[in-house]
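In what follows, structures are represented as structure tokens.
Okay, so chain A shows up in both of these, paired with chain B first and chain C after.
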Partner chain A sequence: MLRRLTVLIAGPALAASMSVPACAYMVYVSNERDNTVSVVDSTTMEVVHTINVGQRPRGITISHDGKLIYLCASDDDTIQIIDTASYQIVGTLPSGPDPELFVLSPDGKTLYVANEDDNLVTVIDLESRSVRTEIPVGVEPEGMGISPDGKALVNTSETTNMAHFIDTGTHEITSNVLVDTRPRFAEFKSDNSEVWVSAEIGGTVSVIDSASHEIKHKITFEIPGLRAESIQPVGVRITADGMKAYVALGPANRVAVVNAKTYEVEKYVLVGQRVWQLAFTPDQKMVISTNGVSNDITFIDVAKDEAMQSVTVGALPWGVVVHPN
Partner chain B sequence: MGVHYRFRFPFEIRDISVKLLAAPGTAQMRFASKMVYSLEQGGHAVLCTLRRFAFFVVAVSSLSNAVAQEPSLAPANGAEAGQITEIKVGYLRAYAPQLALSVLDVPPRDEGVAGAEVAIGDNNTTGRFLGQKFTLHVTEVKPDADVVPAFDDLVQRGAFYILADLSATQLLSIADLARDKGVLILNVGATDDRLREEECRANVFHTAPTRTMLADGLAQYLIWKQWRRWVLVYGSHEPDKLFADALRRAATRFGGEIVAEKQFTDTGTARRTDSGVVQIQRQIPVFTQGFPEHDVLLVADESEVFGTYVPYRTWVPRPVAGTAGLIPSAWHPASEQWGGTQIQNRFAKASGRRMLSKDMAAWTAGRIIGEAATRTQSADPETLAEFIRDGDFSVAAFKGQKLTFRKWNWQLRQPIFLGDGRSVVSTSPQEGFLHQITDLDTLGIDQPETRCALK
Partner chain C sequence: MTVQSVTDRIPGGPNGPKGFRARQYFVCLKGILLREGLRFLNQRERFVSSLVRPLLWLFVFAAGFRQVLGVSIIPPYKTYVMYEVYITPGLCGMILLFSGMQSSLSMVYDREMGNMRTLLVSPFPRWFLLSSKLLAGVTVSIMQVYAFLAVAWFWGVKPPWTGYLLMLPALFLSGMMLCSLGMLLSSVIKQLENFAGIMNFVIFPMYFASSALYPLWRIQESSPLLYKICLANPFTYAVELIRFALYGQVDWKSLMVVVAVTILFLGGAILAYDPSKGLLSRKQDIGGNA
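Now for the complex of A and B:
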């Protein structure tokens, strides 16, 4: 209540932001260069806390109940577990070397981790905090996506240039799909029909049919005044209704808004410099981008597809996740 | 030299022990590589013992690897399961131990080769999903030797892709032979512009940048800094003069002014000795005395005769750039941008040292072959060559953008790093140096100026 009051008093400067958020969410941002996680209040859009964490924090996610943050401390070769109530590090997971990005299974029991230096996907059982198995994949695994039913995992390998489809029951690779150069991210549609894979250097997003594993469409981007080389798609998020997707375009400093039915790019939203990762607020009214070089994050209004406000966080913000409630 | 090797022990030994049994990038592989170097350099008497030991170690390591990491061999869409195609990559290298003014600059024994090995390892990680296996076959010759027998030998052994770290003259001696035999050469060492200009070849691709690309990368930065007045000091050997030419061309091209020039004649200095250092402290200031007012002192000394001695010893306090001070290069061992940390870690783990420019040129060349083989799912040199020559071909090499070939002379476009001994200072092209096709073509000789007629 008090926080709400503060916003009201803050007056006209925040008038624009007030029109959207119905409730406050905590936003957690991993800052790769200064070994911190910034905690940002989505209503006030201010940093409310900074957590000191392990070295080179990158991938960040949160348990479905919102109690624990999982964080890849890449240079410490571990995953740290942070209590969202106390902001204390309460444990670690045996991630294998150089964990970069991971995905949590829909049932919340398993964490699938890309080990960039060792060409492995490590499967971690969260209850016992132990490694269940390791799956050899291509060179420099990074992107991790999981199907809504939890049965299919997709890992992308940046130098091999493949999306590896993995059966989470057998931990076997069922298919390898060649995509464009340096695939960074994999995102399933909520109806499990498609997986979208971004290719940073290739400059495209491949839309892969989840059932046939065929590439059914390749999304390309063109921004007047910008050279093709500077358009480098990384993070991808698709709305729960499957209508709209957001694609972070790296040094193009923009987030593309894509019609997820027709694959047409509808708009480019200017954010900060070198935009990499994205996260929706749980109500999907906002999408938040991490802008590495300008050391900030940008809140984007999903209804209007306009940037609302940028907030300075730590050095080289990499990943972002929002508390589920 | 290649023939000489065969006399000492069969090639198959090094091929099998290093490339087939040990998994690339593993400790076993590094050990095996070292064993092979020992074998090459060791006398005949110790050879058999060493060879037996190497076989033992590698055989054991291959067993443990097989147990530890059996990959899931699901084929990529479109590939047939079960068939393994071998793609042999040759590495032909002119090598002799080199002196340097600073012991830190003595080239590592495996410079370049180590980069190719990491690329082969990367290609094999990808290849196991596609039924492709890459092997590297290294042959060394002396810097002034006839390279043809070694080349013939590599081709006879099935290497239709050859990474060449040779002098321009040596490279030209095999270029046309290679064309007639359907062999692709990827030049990873020679920076000579003439190999991309009047002496260009349709079957020779260049991943090493040219002297003009390096000089232009440096000049753009100096202009961006508004340090426009330069003094040029250059060595008396041919490569020094060629780099000095490239710097003069860069000055004209970007609006720098060379206000004075001076040659430093190699009279046989006492490198690295105590008395030498005393002399240097007195000689370099005198050598650089009396120049007109300037912003930067440029050094062209590829031959390592005096360049390293110039910084901090000039008559007037001025920054030094060129082959000493701020140095343009294809890669920097401290570059961590654009995912660079990943290749740096991978390389350091595999080789036990930092990655240098030639390692990056060789890695990129190896990856170009791998990329073409992956995308075409073929091992046929003609198919791969056609794919690489295609306008859409590109390769990623941790330089922030895709790298493509200049179709008029098969030079790989690439940003140029500018660094001192510790860190990356900048990368060129610099902001504001624009080009109608790609800003990377502001570096080096551009299409309208080229003298290359591919044949």
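Now for the complex of A and C:
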């Protein structure tokens, strides 16, 4: 009887403990205010290391082999390269003034950087660590997205309220799509069919057809008890299977879960204050949000769409990237 | 039948063997449990009212006080939670508190109707009879808690499902503490009418001056005195014990406080119901309704 009871109690507890993700990934979070990058273990959900970096670190990404982190040190007007094995800064890239966000090409050889103060997109060759070219875009460029085949680049300009489609072969703008006020982020679907652009002040996400460059749909958000002005979409991530999208809603303290087929908002997940950017773990079992005002990140279970745990990091966490393996 | 003839026939009587067998204790316990269970089932309005009270708090009060941007992280929560999630363990505690007091009311009623005297003249030890009565009350209140949690689930309060199982010992202990408090109080209440006083002087202060409705850090911010009162209130520890257990954790401090206070209240209740030593006999002496 006692044994049966033990099985009854311990069984579910064991099963629950086994549902914790088995793979340990390192999560890198740029902390805008205290000039650090926090390294968080995704299994223990604890900060394991803090790296001192340049001033006002914001955009952060990682090389496909996971050996190097690229980090926008905005107030130092440079991009720093951090070795993930030693956590040392091993070099810099000539980014142009005030780099904020960037995107790495699918072949891992080129970095496209939005220079907020200079109205430029800087194209950096990573092998020679030199500027290949600069592309003039709208006022206050910020969001950067690249198509899975690497042929099309989308830059959003905050003040012009446009998504600029750029041909990566010619480095020419092929079309400009007017979206809602203050577009912040651009994200392609993995099948290259759509690009989603969030508009912070407009409170919408525009779904743009990648081929025709026309807006197919505008996703709006509504949270009972919150004023529309408090709902400010910023970071967007779409699952590899193209079924679900996650949209960070800024001061609404929530991440919206959107059905990427029907464009219906299915759920709002409560996270920390002023949620900004998002990143999936490589197995896509978790999505991680940076919560700027509450100085923490929140791990969200993708299967259940529930917040699992929030972890305090540095001051004003901004960007997040996860080690690919 | 004379008292002498009864004591001659029972174990431990003048010529009988000492003590009862476990089976006999079990029959007695089963009888008391069945009586309490039947009473609960036959009083559907009691069941409904026991559910309506916490649900009103959940649907109306929590909606009014809803912190739309979430409650800050405090253990055992690992991330931000909505207010209705925070308040749920407190409402479970409220069910146990009201139920404990209700069983105290039923004991006053039993005493007025003479049922209690029938129970107490049973040859079983008084501590066993009172503990069985307590156990019956706690079992009924735990059923109420689970019914409430089932409804709350549809309202978006979805703790890990293992928590429902793991909270059972915490509910049992907290229920024992509050029921034994009720039993202790029932020994000093003379008449049924005095129960309103219990509501005002025991239930409400215990409920409001605790961590059931607001996190203690927030109470400390607004009133350090109220914070100290909350810390001295055993109900705070019952709520925290339930809260942690619901999320698969043990709050050892709360556990120790609840166990200690249960022993204190239960001991007091057993002493108070002892006709030779307790308050009951004193009231009988002065001709009260005992």
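Everything that follows uses one rule, which is that the second predicted complex is superposed on the first by the 306 of 325 C-alpha atoms of A that agree within 3 Å, B and C clash if a C-alpha of one lies under 4 Å from a C-alpha of the other, contacts with A are read in each partner's own complex, and residues count from 1 in each chain.
The definition used in the following text is that a contact is a pair of C-beta atoms (placed from the backbone, for glycine too) under 8 Å apart; a residue touches a chain by one contact, two chains touch by 3 or more.
In this text the structure is predicted, and so the values were computed from the model without any measurement.
**Q** Could you say whether A:298 touches chain B, chain C, both of them, or neither, answering first, second, both or neither?
**A** Touch status of A:298: second partner only.
**Q** By the touch definition at the top of the document, which applies to A:119: first (chain B), second (chain C), both, or neither?
**A** first
**Q** With the two complexes superposed on chain A, say which partner A:47 touches: chain B (first), chain C (second), both, or neither.
**A** A:47: touches no partner chain.
**Q** Could you say whether A:24 touches chain B, chain C, both of them, or neither, answering first, second, both or neither?
**A** After superposition on chain A, A:24 lies in contact with neither partner.
**Q** Please indicate which partner A:201 is in contact with in the superposed arrangement: first for chain B, second for chain C, both, or neither.
**A** first
**Q** For the overlaid complexes, name the partner, chain B or chain C, with more touching residues on chain A.
**A** Here the partner covering more residues of chain A is B.
**Q** After the superposition on A, what does A:160 contact: first (chain B), second (chain C), both or neither?
**A** A:160 sits against chain B, while chain C stays out of touch.
**Q** Just to be sure I read the superposition right, which of the two partners does A:138 touch: chain B = first, chain C = second, or both, or neither?
**A** A:138 sits against chain B, while chain C stays out of touch.
**Q** Which parts of chain A are in contact with chain B and also with chain C?
**A** Overlap of chain B and chain C footprints on chain A: empty.
**Q** With touch defined as at the start, can you tell me which chain A residues reach chain B in the complex?
**A** Those in contact with chain B are residues 98, 116-117, 119, 135-136, 138-140, 157-162, 164, 172-178, 181-182, 201-203, 213-214, 227, 229-230, 232, 251.
**Q** Give every residue of chain B touching chain A within the complex, in rising order.
**A** Going through chain B, the ones touching chain A are 69-72, 74-77, 122, 125-126, 129-130, 339, 342, 345-346, 349, 367, 371, 374-375, 394-396, 400-402, 438-439.
**Q** What part of chain C is in contact with chain A in the complex they form?
**A** Those in contact with chain A are residues 66, 68-70, 73, 78-82, 160-162, 165-166, 248.
**Q** Quick check on the complex: what are the chain A residues that touch chain C?
**A** It is residues 8-9, 12-13, 16, 223-226, 253, 270-273, 296, 298, 307-310 of chain A that touch chain C.
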